[in-house]
Every structure is written in structure tokens, then in C-alpha cells.
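Chain nomenclature is as follows: A, B, C and D, assigned in order of appearance, with residue numbering initiated at 1 for each chain independently.
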Amino acid sequence: MKNKLISLEDAVALIPDGASLLIGGFMAVGGPNRLVDELIRQGKRDLTIIANDTSRPTYGLGKLVVEKLVRKVVTSHIGLNADTQKQMIAGAIEVELVPQGTLAERIRAGGVGLGGVLTPTGVGTIVEEGKRTVEIDGTTYLLELPIKADFALVSAKQADLYGNLTYALTARNFNPLMAMAGATVIAEAEDILPVGCIPPDAVMTPSVLVDHIVTTAAR
Amino acid sequence: MDEKTLIARRVALELMDGDLVNLGIGLPTLVARYVPAGRHVFFQSENGIVGMSGPITGAENHDLTDAGGSPISALPGAASFDSALSFGLIRGGHLDVTVLGGLQVDRAGRLANWMVPGKMVPGMGGAMDLVTGARRVIVAMQHSAKGEPKIVEHCALPLTSVRRVDLVVTDLAVIEPTDAGLVLKETAPGVTVEQVLANTGCELIIAPDLRSMPIEG
Amino acid sequence: MKNKLISLEDAVALIPDGASLLIGGFMAVGGPNRLVDELIRQGKRDLTIIANDTSRPTYGLGKLVVEKLVRKVVTSHIGLNADTQKQMIAGAIEVELVPQGTLAERIRAGGVGLGGVLTPTGVGTIVEEGKRTVEIDGTTYLLELPIKADFALVSAKQADLYGNLTYALTARNFNPLMAMAGATVIAEAEDILPVGCIPPDAVMTPSVLVDHIVTTAAR
Amino acid sequence: MDEKTLIARRVALELMDGDLVNLGIGLPTLVARYVPAGRHVFFQSENGIVGMSGPITGAENHDLTDAGGSPISALPGAASFDSALSFGLIRGGHLDVTVLGGLQVDRAGRLANWMVPGKMVPGMGGAMDLVTGARRVIVAMQHSAKGEPKIVEHCALPLTSVRRVDLVVTDLAVIEPTDAGLVLKETAPGVTVEQVLANTGCELIIAPDLRSMPIEG
């Protein structure tokens, strides 16, 4: 079987300009911050980013915005990265704001092959604009559509050489959802382990979902 | 006692033993300090944990943070999970109480707290799910801002949800939205009904059992 | 805080005749088989059962059918319990057949507060009958509605005294989904542990979802 | 070689290195025995595991079974999960191949394999999700049953999915459903085209590169 371990440089070289990227993490905690730094080093541009937030200007994927590599962002929160708001107001970056729970379900729906989900969140607010509503037993729901992307960039605590992943505590967040919804999935991991060292019940992302593994350990 | 402490202490009285509670950033975070003795409350952080507590100095870790990215700790019996389960707890009716800050609350008890068009567009984060899904929504906020009432006839700001919140706790009063309108249930220590009314932008119904907040200085 | 540990007898006594029950397990593997036996001993009747399958006549919840305690079953498979088919044909039991993946998503939707999900599974087959369809970008999906129940009966490997649960290997199956969708959740567990003995990342069902814990250890 | 072994061996040649594969109960289960050397295939059991293998005698455990409830084992690198994730793998397009038994396949390549109205109503289990969601659907079945063709103009039995399957492997032939119709690609060792046609209930297109199954006795 093909070895999934790949260099940071080679992994990011797979990503073309204009690609759509699901990026794990929450305020860059549990974010694939090595992969993000390498995106900047290689100067990838016109990216579409789907992520919980745009972090801070100096941390994790926040830097992608500051470096003006992002064309569009789909996210629940941009409040701690002034650059995102500034570029949005200037028309330099398109921002689609999505309630956080809806964002999680939309990415999950993309990953598990659902055509959409019905959520009560956002009904009657400006989030409803342009969306279909469905009424069920007198309650109105928004029809929210799945999100998929060309790549998912995730950050793991452990990876075995098949690509099974574990995440630690609140660093888990969006990572396992995104690992299902990327056409190509690249995982950076602190520890790379031999196959069989992660018990089956501890695996949070099964190996078959992961295409490439990058080590973040110092070499 | 400053105003924020007063609000946090009053809100904390609403938390019951065994409750699952999510506190918004800012003022609501203070509530955790004042949970009445003998009540065990499970605090959720929506980035993926139930059973969070304040950080252990010197033992902070980058894998264990709150929704703002600040270090926390996990109490015995804590559980961690992904964002879909975290919001499953919220949207699915498993969250007993959420405490959130507010920009405006209208006479129907609807909250606006996530954007000021043209000025501040941080995004809604988890607020819309929290207000829509929590069993009880408590708004914790200053009664007025720069002299302008925050409790108003109609919200000028975009709503967070059309769902009526359950309680509004301010530095002046405790107000309960009902079918009939906003009911003034309690006044802050030393605050008169007239002061509350003068700082409120819409009609309030005075509760027959109106009382002073059960908070001792 | 209230102690969630309760006797088997008291736990089942909470369940009235006519109740709807989500019952974990897959061919009764990972099923709450002690709770099921006690349902039979206490003679609960007119039950509505939601479960992956009706097991075999002599094993797990299959016995509920044989004992004629079930009025309706919502399930994906009845093929290994001839009693279910027999009673269905005789009109003694109502059977709603649901594709397995759809059943999982419907229960999950009930537990996480979604109004429904759109699935391609079943489109154009008899499963479509009586259901709304939604077309998205030229693809047709079935609108499948959430499932909730009065009780969820689940089986865990470990429970701590708050009610945090773990499941082992393929005994996990529907259990964590059902633990979100029952108004009252009763878990039977092989090992009852002090609080703090299950690491946060190992918890599969957070304590706040569980109402009562029953030990299955011999006394 | 008996007919089932022939079918299983031919199907196994379709499995590629690194594939995630789900085998239906019955005949398809045999396929696992004949995976070509040098190809590592991940077998899923839809009750919640990737990386299953046959049971280890004497080490069976009630927490580790296949979808029929029979003991299995977990290979190094296996992962277990709940039913929602298991079918997320299937519906979400992550399953490379499913191999399923069949009652009928129609000229459009559509499968019926889950019920015989009035006679056998076992329920669809995971079959509808598997046929709808797998990247490749391979039907492994006898070419005819009690002298009646199972490959027919129109399925008399309820369909499992309207999705066209990718390959049908029988004891007589390998048939590929296409836009133009059913294409006869291979005949079993010692079987003539005439025998295949005589046992098929609808038109078959003979592939220009028709060959004998690459299976040695």
C-alpha cells in the first residue's frame, strides 16, 4: 500500500491557486498551522477558506487573510481578525457568515452524503435570506446545504501510518468533520505511530478518509 | 459591588444543580464564579467540552482552551467532542441554560447581540444556535449604553433569533418576557421602579410580586 | 448532585405501558439486554420499539416481540426474527422499515435538534412512498424526519457515576445516537467507575445526556 | 471449483490496493478469501468497523462482531465508530466498492435484492444505502434461479435503488451495465456466449473484446 507520509512542501504543492480549503481549528487551536504557514511560503492565492473563524491576524489561518491569499471565506466568526473585516468592507474578500452549529452540520452533511439538513437556527433573521424554508408540523426550518471542498487540512494529535487520527481535547473541534468533506485530505500530526498503536475505539478519523500525512515534529 | 458583579451574581442564582450551562464571552463568563454552594453545574465550551473550569496556573496547554482560545482546565468527569456534537447538545435541547450578552432586547423578548450593521460585523459564532436551542436563555447586560436604553420597542439591530428569551438580568432589574409583554420582576438593590422605567425604551408590566434582587451587598 | 445509579427494577419501573423506546444494539450486540429482560419480567406492553433490527427470537430485544409486548417497530431489518414477520402479516404488529443509514440519521437528527435531513437513499423505491422529496441542483433527495422517543435504553462498556459512557468496538453502533434522542436515557454498563476515571477524549456519550445508570455486573 | 467460489474469485480481482470495501452477507462474504496477493484491502462491517477480518478461534468476544452478529477480529490499524459515521462512509462516497447479492438485475442495470412481496420481507438493512452511496457496486449472484433468469428486462421485485450498478458477476458471465445496455464482457471458463444468452432474460450487447474470465481452474 502507498505510504501516506509526505513532506510538508510536497503536501502543500498539491494545492493549486484558487482551491477551496476546509481548515480545522477553533481560534487556530487544533488548526493545521504548519500547513497554513507553508501555504504562505509557497504563495498560494485566490483561496476559498471554510473554517470556524479567521483567528487573529498573527496566528494560524489568520495570517492567510493578512497575506491577502484569500478570495472568499465561509465562517462563523471574524471578530478577532480586523483584517478580515477591513478587506470585507473594501470588497477585497467575500465573507459568508454561517452560524457555528449550522457550519458544523453543513460540513458534516457534505462528508456523509446528505443533500442538506433542516435547522431552526437563523429562521426569521438575516441568515434566512436567499434560503429555502421547509415547514414541518407547523415549525419552520431553514434548508441548509452541504459544504465540500477540494482539500481538507486538519491537525491531529496522533496519526498512524495508515492515516488513522486522534485529536486531543478542544483541539478536536471541526477536524473530524472536515476530514470527511475534503476531496483530498491532508493531516498534520504531532506523533506519527506505527500501525496498530492506536486502539480501534480511540480512532476519531478512520484511516480510509486520509490521503496524506505530514509530521509536525521537529526534525 | 460593581454592576457586572451584581449582574453575574444575580444570574448565578438561576443555575440549578446538575444543569448544563453555556456562558457567552465577556460579562456572562463571570457567572461561573458565583454558582451557589452545593450546586454542581456543568459548564460547556462550544468548541468541544463539557466540564470546563478555569485554567491551572503553570499547567496551561494549547489543546485545552475555551471558545476564545484562552486556556481552561477539565474537571473530573469532563467530556470532549467535536463541533457537531457540541452544537447537537445546544440545538437538541440538552443545554439547560445559556447566558449571553445583549445589544438590544425588544418588547417581544427577542435578542439582538451579534452585529451593528456598517460598524461591527464579528459574525454570530454560536450565538444563533444558543438562543434557538437552549432550554433557557438568560440575557446578562447593562440596562443602558451611553445613556440609551437597550430594552426597546423594536430592535434596530439584526435579531439573533426570533425565539423569546427567558430572562433579562441587568444592573437595574430582572425582567421576564411573557406573552403579555416584559414583566419587571426585580429591581437592583437601591434602585427604584421609576429609575428602571426611565431607563427602559418600552412599556414594562410591574409584577404583582415585585421584589428587590436577593443579593446582599 | 443526584446519584444516577439505580436498580434494574426501579429503572424499568419508570417505563409505562405504551412507551416509545429507542433500543441500542445491532443483532443485540451492544444491546441493553438486561433492561430488555426486565421489561419482559415486569410485563410492559404496547411498546413502540425503534432499533436497528429485531434480533433473533431468543436473544435481546427479539424476545420482546416473541412475548407480544410490541405494538410497533421502526427498524431496518427483521429477517432473523420470524416472529416479527409472522405478527406483521397477522396485523398484530406494525412494522416501519427504514434503510439503516437513514435510521441512523433520523435518530441523530432527533437528538441534535434538526428538523430533518435530505438523503439520496430510497429515491425511486417504495421507501419514497408518502415522503416529501426535495430537488437540489438537479438531484432528488428524500426528506427524512427526526426520530425521538420517550426513553432510550443503551448499553455501555463503562459508565462513571456522572453518567459518562464508553462503548467497545462494534457494540457501539446505535447507542451514542440514541442516547441523544431519548427524553429519558437509561444506560446499563458493565463497569461502573468513579468520576474522573474516563479520560475526556475517551467519553463517547457525555454524562449530561444520561439520566439513570444500571449496573450489569453480577452482585 | 464450485460456482460460488468462481464468482467470489472473479469479484476479488476487482478489488484494488487500499480500497475500502463492504461485502454483503452470503456469497459476497467469500470474496475476502481471494483478494489478490500484494493488495491490502480494508473491509468495513456496517455495524461499525473498518479493518475487520475473520475471527481468531478461541478469542471471540461479544463486543466484536459482523453485521450478522458473528465474531470477527480487528486487524492492526482498525477503527471502530457509531452507525452514523459508518453510513457516513457509505453514503458520503468514501466506500470504494460494495459487493452485494442480487435477486434480479434489470436491463438498465438496476438491482432488486431486498424483498419478495408477500413471501420474504426481511427489510433492506444497509443495502439501499450501499447501492446508493458506494463508488462501485458489484452484484455477485447466480445467473439464474430455479431455471429462471435473474437478469431481466424489468425487475418484478422492488428495486433497492434506481442507481445503475457497475458490474454483475455470475457463475456464467461478467456483465457491465452501460448507457447502451448490458454489455457481456466475459464468459466463465467453459461457458459459451449462447449459454449466457439462453439464461438471460433480456438483450445483451456482446463486447468487442469479449474474453473468458481470467480465472484458472
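In this text, contacts are C-beta pairs under 8 Å (C-beta built on N, C-alpha and C of every residue); 3 or more make two chains touch, one makes a residue touch a chain.
None of these values were measured; they are calculated from a predicted model.
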- Note on the structure: Moving step by step through touching chains, the smallest count that connects chain B to chain D is 2
- Task: Name whichever of C-D and A-D has more C-beta pairs touching across its two chains.
- Result: C-D
- chain A and chain D, separation of their C-alpha mean positions in angstrom: 35
- Task: Averaged over CA atoms, how far is the centre of chain A from the centre of chain C? Could you give it in whole Å?
- Result: 32
- Between chain A and chain B, what is the gap in Å from one C-alpha centre to the other? 29
- Message: Quick check on chain C: which residues sit in contact with 2+ other chains?
- Response: 105, 108, 112-114, 119-120, 168-169, 172, 200-201
- Task: Could you tell me which residues belong to chain B and also touch two or more other chains?
- Result: 49, 74, 80-81, 84, 87, 90-91, 133
- Could you classify the connectivity of these chains, where an edge means two chains touch, as line, ring, star, complete or other? other
- Message: If we use the touch criterion from the header, which chain pairs count as touching?
- Response: A-B, A-C, A-D, B-C, C-D
- What residues on chain B touch chain C, complex-wise? 17-18, 20, 40, 42, 49-51, 74, 76-81, 84-85, 87-94, 133
- Which bits of chain A are touching chain B when the two form their complex? 26-30, 52-53, 56, 75-80, 85, 88, 97, 99-105, 108, 119-127, 157, 168-177, 204
- Note on the structure: Per the touch rule, the chain B residues reaching chain A in their complex are 45-49, 61-69, 72, 74, 80-84, 86-87, 90-91, 120-129, 132-133, 158-162
- Counting only contacts in the complex, chain A reaches chain D at residues 1-2, 108, 110-114, 160, 162, 164, 180, 195-196, 200-201, 203, 206-209
- Query: Which chain A residues qualify as touching chain C in the complex?
  - Reply: 105, 109, 112-120, 134, 136, 139, 141, 143, 145, 166-169, 172, 200-202
